[in-house]
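What follows is a single structure, written as structure tokens, with notes after it.
Chain lettering (A, B, C and D) follows the sequence in which the chains are written, and residue indices restart at 1 in each chain.
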Amino acid sequence: MPPGLQLALPALVLGGAALVVWFAGAGGLRIGRPLVAASAWLALASLCLVWFAARGSVELAGPQLLPGARFTLRLDAVSFAFGLCVLLPAALLLTFQRRGWRESGAAALTTAAALLATLAGGILTTSLFWGTAATLLLVQLRADHERATEVYWPALVGGWLALVWAGVALDITSGTAVYTAVPVTAMTSAIFLLVAAAALLGSGLLPWRPWTSEMWDRPRLYVGSLAVAVLFPIGFYLLVRAYAAGGGRWPSPWLNATLAVAGALVALAAAARAQAAPTRRAFLAEAVPGLGGFALLAFALGTPTGITAGVLTVLTASVLAALLPLLPETGSPLLAAILVVLVAGAPPAATFGARALTVEAGIEVGDGWAFLGVAAALAWLLTFAGGARALRLPVRGRGGEPGGSAAGAGLAAGILLAGGAGLGVVISRICVPATAEVIGVPPGSIGGGSAAVLTTAGAWAAVALGLPLLLLAVVPALAGRRAPAAGVAADSPPPLLTAPWTDRPARFGRRLAALRVPDEYRSLFNPRAIEAAMGRGQPLLWALLLIALAVAVNR
Amino acid sequence: MTVLAIAAVVIAWLGGAFLVLSDARRGVALGVALYAIGLAATLYNIPPAALALGLAGLGAAALRLRDGPPRWGTLPPGSTPRLLLCVVSGVLAAFAGASILAGPGPAPVRIVILLGGAMGAARLLSTLRREAALASTTVMTLALGAAAAVAGDRAAPTVVAAAALAAVLLGVLPAAETKARGA
Amino acid sequence: MPWEDIGAHVLALLAYPGALTMCALGLAAEIGAAWALVPERGGLGAAARNTLRALRPRSREVPPLAASAVILALAAATQLAAPLNPVPPAERNSLVAAAGLLGASWLTWSWGWGRRAAAPQVMLAVQACWLLAVLLPSIEPGNLRPQALGAVVLGNQVPLKLACGLLYLAALPGLLMLLPESAPLGPPGAGRARAPEETGFTVVRALLWLPYCGLFSSLFFPAAEGPLGVLRFLLATAGAAAVAIAIAANLTRRPAGITRVLYLRLALPFAGFAVLVAALTVALVH
Amino acid sequence: MGPELALGLPAAGAVLAAVLRRRPALALLCGGLLGLAGALMMALLAYPAAQASLLGLSLPAAPRGLLLVSALALGLVVALAPPQADRVGLLAAGLAGLAGLAAVAAAPDVLAVGVVVALLAAGHAALPGRLPFPTRMRAPGLAVALLLAGALLQHAGDAPVFARLSALALVLALVAAAGLVPFLPELDPAEPASASPVAWTGFFGPALAVALVARIQPGLGNDGAPVYGALLVGLGVLNLAWGTLGAWLGEGDVAAWRYSFLADWGLALVGLGVLVPDGQAAAYLVLASVLLVRFPLYLWARPVLLGRAQPAMGPSNVLLAAALAGAAPFAGFSVRVLLLRAATEVYWPLALVLGLGMLVWLAHSFRLARTLGAPRGRAAVGVVLALGFSVLLGVAPATFLTLGGL
């Protein structure tokens, strides 16, 4: 057995399950959902087992796919953290969402590809598996419904092409595109910009409505939600690996500043869209992009606290991405509590911890960065307001698909709530090691061990305060089950803020489409006329063409 | 010798002109035949090539006589542009072959090859008659063979033989269009 | 398991500066506010009776949203730089307090959206001003611990702290739901609650007095230990509450709509000015 | 006499298939066996023992590899052709083409290539079709004339201008022979696939291009090489833009398919033009994917294109759309990696232009995939095989690259 083959185990479990499900399904044995769900949890367990058993990084060197593109897998603290980001929501969704056996198999295979993208040791291997996961998801999305794939596909392929270009450029300049082997000087600003473009497009980190939000426009959520859950973390994985390739920093502080501003903008824009959402679904659609903005800001800070906050935020967002599509669409007061406490992020939820740690990281750096932290806090406030308004919004039915799963939503909500109390454990066991893998972490910069999170700027007594709050939260949780549903308005209440720029992209697109070549020049730009001339093969035309080219090449 | 060379070039040009100016089997066949004779004559110092290409050209011309409209069809109404093309290509080929190109082979062969290529291509690109298109391709193939012969590469005999064979095969192809069947 | 730490936090949550203290101070503040805002209903006794009637539960059921808001308010209270607070100073965080208070407030709004004269836009503006007033002073020291921020009273931070202090005080009436536009349950002394949840949220408002006003004194006044420190803290807290009631009393006597104009046209630009001051302070320091 | 057999066996197969067309089963059997024998011979030519030739012919590795791929593609389309298709005609024409391509690959110089192209073009144009013979002869006829001009200029003298003009003529000859912009032949949607210009672009073109390049490149010299490279890159970008936009916005699905071939060719021309090994490898893979994926899929789309079947967009069509869009893990992955790498090595803005072209590429893939309808029977098997080849080209391109000696 080649060394490091155990790395492929989680993906093999999922891939094997997909094949078994398809063969069994073809033979009339409908065991798709339970088998795939079990395989997802098994893959999660095996990932943890391999990581904790190895007590260090493990590598698997495969064959050379292409010049500069060797198939390599690497399990270290970073890939472990991001592997969890992919597997945890996928396991929840595959367990609690209803799928046919064909869809279950495809979903398992997609999860395996996405997992391999986060376990990949080099940019080109990541691009291969990332592209594969995106393709598999496209097939499932289009097989279900055409809607919202018009944005998804170009964004993903654009990001993928940018990543491929970055990979080959890195390989040309340094002779390798393996994250841990790239010389520090090879990661230039230009190459990093390509990686950043891939990350922003792939994870939907844009100030306007990204594909992660548009997935919620689909009549059924079971494919779109999986797409968000498994593809969203990969962009951030690239940004973290860029730190490793750059020797603990990005090529220029301006790049950090630019992405930090972009992160704050993304968070603010998502919050602005959330508070103006016409339906509750439209509000939920902005939750993951909003957290994505926080994560981008945190990563761009480039400090140990920042990167730790970033990893924590992505981990939290990935669980949230599983919770939201599982929420039953009711008007229960308990749902209001979930919208405000879990989605917007109030103590002791992990969504609160992630946002708080990001703002703290900004304040800790000081100067202009702190103002970005304050901007993120304002986005947080807007999300709170949107959460309060969301309970009044009309519920958008889920087409043919039955409403979410109370059990699944309960489990995911429990994980998020408990995550706040266990934040110390998550940070000290998952996030800080991932940070230490890519940049130096001075001792004590993030203290508190498993009980609390202590940074220079602030603290969160995870166990000491979070645990009692968690116990107290049982009271409203029990009370909420008997309470009457809140009255939902027939039409949505007016938004708190009307952003003047929301319709700009559409207007720009319309203007662009309205552009016309002036009549007197139209024949010059008429491809059909040019083709007809080519097809007729007039000797004079070709003679002129040849003469023109002959003159051109001899100038 | 020079007179013979000039005469050969003129005969080849006449062949090309007949090819360009004729819309029926006899004119086209005469064009191919004259061009083949002229070409063979200019290749007198490479007898095997001259023989192969000359005979192939004459064979192709003879085969062309078997189908297509049974008349000369030379200089039909509206041929002035074609006439102009013949004159211009003749002059240009003579100028380029004699004073611009330094090879391959002697100037008369170069001129004849250029005439074959230029007039054959011009006819092929402008005609809608199958027999004329086939004859033009034949002429270009003969020119290719001649160029290979004078270029004097190691594989020249093979190429000349291939060109001669191709010319005959092109002659074998019928002039009647066959309509499509199936998908 | 850090049992000692857990014990300290539970004590802070349930006794001081948590539930018990919040109830005592909140009740007093509610009565005072009711008396100041609706004097035509009679003297202090009448205001006390009104307040107690409004706080009496209508049914045995625990209103879930209000209960959640109460928990968040308790969490916020534990973060105050109150003297004798059992929570270790290193573990206090004004951001935790802010998040708790924002959560409590918007839980109230998720119930109260569209009720009475409540105007969420005004509330959002008020909270934006308040959040800036809480966070801007922490930029230069790079610290969010209340006692650390309160200790910085001299030097080039003074203009910023003044601006933020004013902003904080201006926001208090809205935050404490003393104005019709910011109180879906109606301002203090508005009369009997109409629904169990409304009673719950009246309780929430009563519990919010200490966290909001206490956070003001924590952020803008240096903490001192011992009885004198407690007295100073209580005085500053009561002073902030009194200013809030005074502003609210003044605004409720003015024509309808003045509150909206004041917060949207005056407080928000002033918040922008505070941001400018913060930027200048940072620029001057470096 | 390996090369002679590699050339002669398919030719004999073509003749037999044409002669026995009244008895289709026998024609398919004989033609198939002889074609298979020819392909086997081509494969054996990888071994020195089989390379001995009576006429001094030789088959270089790269064209030989693509010839084998062409043979494989021919086998695929004949064995799994749609029910309405004339399989015997397809096999006869294909084998004749294969023999012609083998002759082109074995041709000792450009002039010989010209002779074979003339014969191949005339043979193809003589096939029963809807457009007249002269119309179908135009583009390849021009290619023959340009090959003649290029070869003459190669021997015209030592002046740099001759080298540059020769390179120009030879590159344009390649483009004209493959039927690309600016020598786009007229297209009649109802024309039988075997007789339409798509046969040049999709079947004859790839092996012809690689063979021609193998003959052209050694004789370029220092003055010709820059012109050769720049022209190929320029025409490649032109075809990429024309093909992607045309396939997206053009009227008619047949035209869209033809444009999609142009887009593939655009990438191939750029790969050939950048003159670095990665570029050559990328071009080789693109042309292989044209033969093994796009051309067979076009043939299986014919029933819908001719209105005999309904278009559809099932899961298999979406998978095909992804494959046609060049997404990972299909052929597009390796091609894009190699091409972007080559372009970045040579001149990075070129990579940017290619990236934009590849992005616009997406727009037409779904349109094309719809025209495959709901594949049934042989077509379904064919679609699965084409997707399999595409994945193989994407994740294990080394198999094909070693076949072409790259």
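We take it that a residue touches a chain if its C-beta (ideal position, glycine included) is under 8 Å from a C-beta of that chain, and two chains touch if they have at least 3 such contacts.
The structure displayed is predicted, hence computed values, not measured ones.
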At the largest C-alpha centroid distance from chain D we find chain C
A student comparing B-D to A-C should find more C-beta pairs in contact for A-C
Rounded to the nearest Å, the gap separating the Cα centres of chain C and chain D is 76
Per the C-alpha centroid definition, the whole-Å distance linking chain B and chain D comes out as 30
In whole angstrom, the CA-centroid distance of chain B from chain C equals 101
Between chain A and chain C, the Cα-mean centres are separated in Å by 36
Contacts with two or more other chains occur in chain B at residues 121, 125
Among chain C residues, those touching two or more other chains are none
Two or more other chains are touched by the chain A residues 537, 542
Contacting chain pairs, sorted by label, are A-B, A-C, A-D, B-D
Touching chain B in the complex, chain D uses residues 55-57, 82, 84-86, 89, 107-109, 111-112, 114-116, 118-119, 121-123, 125-126, 128-130, 132-135, 137-138, 141-142, 144-145, 147-149, 151-153, 155-157, 162, 190-193, 195, 302-303, 306
Within the complex, chain B is touched by chain A residues 537-539, 542
The chain B residues in contact with chain A across the complex are 121-122, 125-126
Contacts from chain D onto chain A in the complex sit at residues 135, 138-139, 142, 161, 164-165, 167-168, 172, 181-187, 227, 230-231, 242, 245-246, 278, 281, 313-315, 318-319, 321-322, 325, 327-330, 333-334, 336-338, 340-341, 344-345, 348, 351, 355, 358-359, 362, 366, 395-398
Given the complex, residues on chain B that touch chain D span 100-104, 110, 113-114, 117-118, 120-121, 124-125, 127-130, 132-134, 136-137, 140-141, 143-145, 147-148, 151, 153-155, 158-159, 162-163, 166, 169-170, 173-174, 177-183
